[in-house]
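A, B, C and D are the chain letters, set down in written order, and residue numbers restart from 1 in every chain.
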Amino acid sequence: MAAKKEPVTRIAKSDATSVFVGGRDLVNDLIGKYSYTDMLYFLTCGRKPSTQEVRILDACLVTLMEHGFTPSAVITRLMIDSVPEEPQVAIASGLLAIGSVFAGTTEQCAALLLDMKKRIDAGEKDVVKQIAVSHAQSKQPVPGFGHGTHKPDDPRAVRLLEFAKSEGMDGPYVKLLLELAKEVDAAFGRHITINATGAIGAMLLEIQVPVDAIRGFSAVSRAGGLVGHILEEKRTPSARAMWNASKAAVPYQDPEPKG
Amino acid sequence: MAAKKEPVTRIAKSDATSVFVGGRDLVNDLIGKYSYTDMLYFLTCGRKPSTQEVRILDACLVTLMEHGFTPSAVITRLMIDSVPEEPQVAIASGLLAIGSVFAGTTEQCAALLLDMKKRIDAGEKDVVKQIAVSHAQSKQPVPGFGHGTHKPDDPRAVRLLEFAKSEGMDGPYVKLLLELAKEVDAAFGRHITINATGAIGAMLLEIQVPVDAIRGFSAVSRAGGLVGHILEEKRTPSARAMWNASKAAVPYQDPEPKG
Amino acid sequence: MAAKKEPVTRIAKSDATSVFVGGRDLVNDLIGKYSYTDMLYFLTCGRKPSTQEVRILDACLVTLMEHGFTPSAVITRLMIDSVPEEPQVAIASGLLAIGSVFAGTTEQCAALLLDMKKRIDAGEKDVVKQIAVSHAQSKQPVPGFGHGTHKPDDPRAVRLLEFAKSEGMDGPYVKLLLELAKEVDAAFGRHITINATGAIGAMLLEIQVPVDAIRGFSAVSRAGGLVGHILEEKRTPSARAMWNASKAAVPYQDPEPKG
Amino acid sequence: MAAKKEPVTRIAKSDATSVFVGGRDLVNDLIGKYSYTDMLYFLTCGRKPSTQEVRILDACLVTLMEHGFTPSAVITRLMIDSVPEEPQVAIASGLLAIGSVFAGTTEQCAALLLDMKKRIDAGEKDVVKQIAVSHAQSKQPVPGFGHGTHKPDDPRAVRLLEFAKSEGMDGPYVKLLLELAKEVDAAFGRHITINATGAIGAMLLEIQVPVDAIRGFSAVSRAGGLVGHILEEKRTPSARAMWNASKAAVPYQDPEPKG
């Protein structure tokens, strides 16, 4: 039986006159020297990112920040109308929606790519095809594929993958994603686009972001966009119009009598 | 009576093959060209920031990302232990705590500075002194002043204000904050440090961030730090130790009989 | 200077074979003997409620549980569509909206009644009229008054106040609310209904619920209703229709160029 | 392919002078006539519960309301200290923690019992034993079994199951749970208690609560308890002591250099 790990933190320490973060002096080594993106990478990967890693990470974060009235944005708008004093509540409630269905799928796609790579590295054959076929047979969407609006291709994914290539960051995970895309089209018998969350999942793996940080990165990205929605709601309110439209969209019927 | 504003959004539009954000083509104009910090500024202030504005914003965001086991971090740690499948829930719950007591005070300090400047610009006399004295008399903390750990000065605030000066960004709000600091010391009869949230409130005003975005920026900043706490909790768990310590810290007493 | 209170809890203790809550044996004295409503009262007021207190509390809780697609219900519906695995997240996100604008106004009305009573008991004259007039002059809504749908009267408030009377529970706070209603109509120059949250605020004071529990009671009440919304969303989904309608309700305009 | 369901709601309708909930007149048929527990059942099961169903539901709800400083209570206490103006935020954040690890396990136990019953009804043999053995072999905890504090038996579960029997409500799900308990002890080679969430999962199935309402019921139950924690925190604060204890419980170590 493995020894139980003692609780310990390596994140930060502070005293009356100093703050250390990740082993560095916040005041002298980080403030004014690290960008937000540098610091996000540093806090999750344990080192300062290279210039190319920063460029990839920024591209991924910028992509997911804003896509108009996503469910997270609608929730944030309704919330700031209900609790106008607390913008952090509006942001947090929007972020709660970054789960398995919407932008949180970055994580599921990355997990799938990691699993595929592991099986291939272990010598297993036809892994990519098998994954595609098994999803097609069970009619399950493949994480990182398909989009309700963007057809035939998600332009964000196309751009991100080009950008990864132009930066020389189209390593094994990007290649696996592209291979998977071919097999998905074949197995489903039609073209299904790689979407933005798929490209981001692969690219964050390329820059060595741990898979269990990836959904968090989606949340960080979207958090920035939600601040913009709060400002717009305060200037030109839409929440009441969305609320009224929501009510009007769902007709009432009497329930069937029971019991 | 003012005409009621029609609901409208200027944030984003998308169709099958394109996404526009803030009037720009996301794919061709923003991805790969804007950093996260550029984009955050763009989405809230409506234009690309200057190089100096970015440097100030990054300095502010980096400062608040991490300060060890703040209440928001403790909450995030407990939450990821309770709901391990949903990192966005752990992040969101930590962000809910960015309110009037902790890091959300950036907003209150900025609001105070705006109000002071408005009164001074309108010709009112002794505004700064009055603010300090009235807080001292009512024994109310001045937003952006004082810190439980950092004494006599919050090293983050010192560094941030030096940085603002070195960037030539120590305009009217920074100067007002420094003036307020002198009056606060005089009125309270002892030195009370400008804290990090005070310096950030002033500096975000200098770069023209709207006051109602400022608490949101604190949330965005902290969101990045909380991803790091989730990763550490997954690698070397502390939540159970913190839970046990919390229980042990609060002894039980029988209630007095009633009714 | 007052002695700092030592942290202590009187709520619950447990060991290997027993659980005590509020000083009583959970297993032998409460389970099977207390209703949910009894227990809610016991945990917040420190004693078992009388039969009449339970009837009043149940009437108040039942009233706020459900009112169709309120903002809290819309948020819960969008959330269970986004994070289908975690019903508690959908409930919690709906409850976040129980603030100063919607159902949380029970608390503000109760606070106003308490303040009025205190001033009257201290011998102040014309308190009720003053409150009404000052709100009318500043065009501020009076907490617990007015409703977007229910006109001329909120039928829930009418019924609740009749019920309070029939139970002999129309004491000083209910009477003050009725007196305030008259002055509000006079001051505003038109009839403004007491709404459900107004009646509930007064009635919870009558049964000695502390004012700082009252918004919590609104949340408890609504929590039950939100479970019903989750079930309906799982059986006959509406969230996507509400999302689409929300998007359609807010037209896009290009932003004005800036910077 | 099944026809896509049109969005429709059967929950509530209202107009200027009336509110209907579940097809009944809220004002005339429900307020003053239904208890909170009646209404919760009505909104989720579509009919008024019988007297025995109410007694079972109340016993289940009362059991989970309070268990001292659970993670949900600690989170609520920290949150009301950070955002003292918004009790609904403190309640909601505590409820977010009712997931797969703590009180949300009522749902997982109920789902397991439903699955077992289905397989047995379909003629499968040795289902209960298989479940127990497969969990033991994979060293996975059985949902609804085991407790950190309560040993050898969770007194709440013992009492709840006795109560179900005394009410004549110990039907197939309770019996399956008891059978499973025997097989669990045999498979694991030691006694593992049925815990409160296990008993509740079985008993809510007995009264025909849908499985996808069960975690919601845990949240409703706990919501009531959290109001009590908010009140105690306002009267005799513990959050700061818990925060300090949490920090002290996790020593800092410098990170290993990297990159």
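Rule of thumb we're sticking to: contacts are C-beta pairs under 8 Å (C-beta built on N, C-alpha and C of every residue); 3 or more make two chains touch, one makes a residue touch a chain.
Bear in mind that the values here come from a model prediction, so they are computed numbers and not experimental data.
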Listed pair (B-C, B-D or C-D) duplicating the A-D contact set, over half by residue number: B-C
Winner on C-beta contact pairs when A-C is weighed against A-B: A-B
Centre distance in Å when subunit B and subunit C are each reduced to the mean of their C-alpha atoms: 30
Euclidean distance of C-alpha centroids - subunit A vs subunit C, Å: 36
Averaged-CA centre spacing for the pair subunit B and subunit A, given as whole angstrom: 23
Residue list for subunit B, restricted to those that touch at least two other chains: 7-10, 12-13, 22, 68-69, 83, 85-86, 89, 92-93, 96-99, 238, 241-242, 249-250, 252
Residues of subunit D defined as touching subunit C within the complex: 5, 7-19, 21-22, 26-28, 30-32, 34-37, 39-40, 43-44, 54-55, 57-59, 61-63, 65-69, 86-89, 91-93, 95-99, 104, 107, 149-151, 153, 155-156, 158-160, 163, 210, 212-213, 215-221, 223-232, 234, 236-238, 240-242
Partner subunit C, residues of subunit B touching it in the complex: 7-10, 12-13, 22-23, 45-48, 83, 85-86, 89, 96, 249-255, 257-259
In the complex with subunit C, residue positions of subunit A that touch it: 68-69, 71-72, 74-75, 78-79, 81-86, 89, 92-93, 96-102, 238-239, 241-250, 252
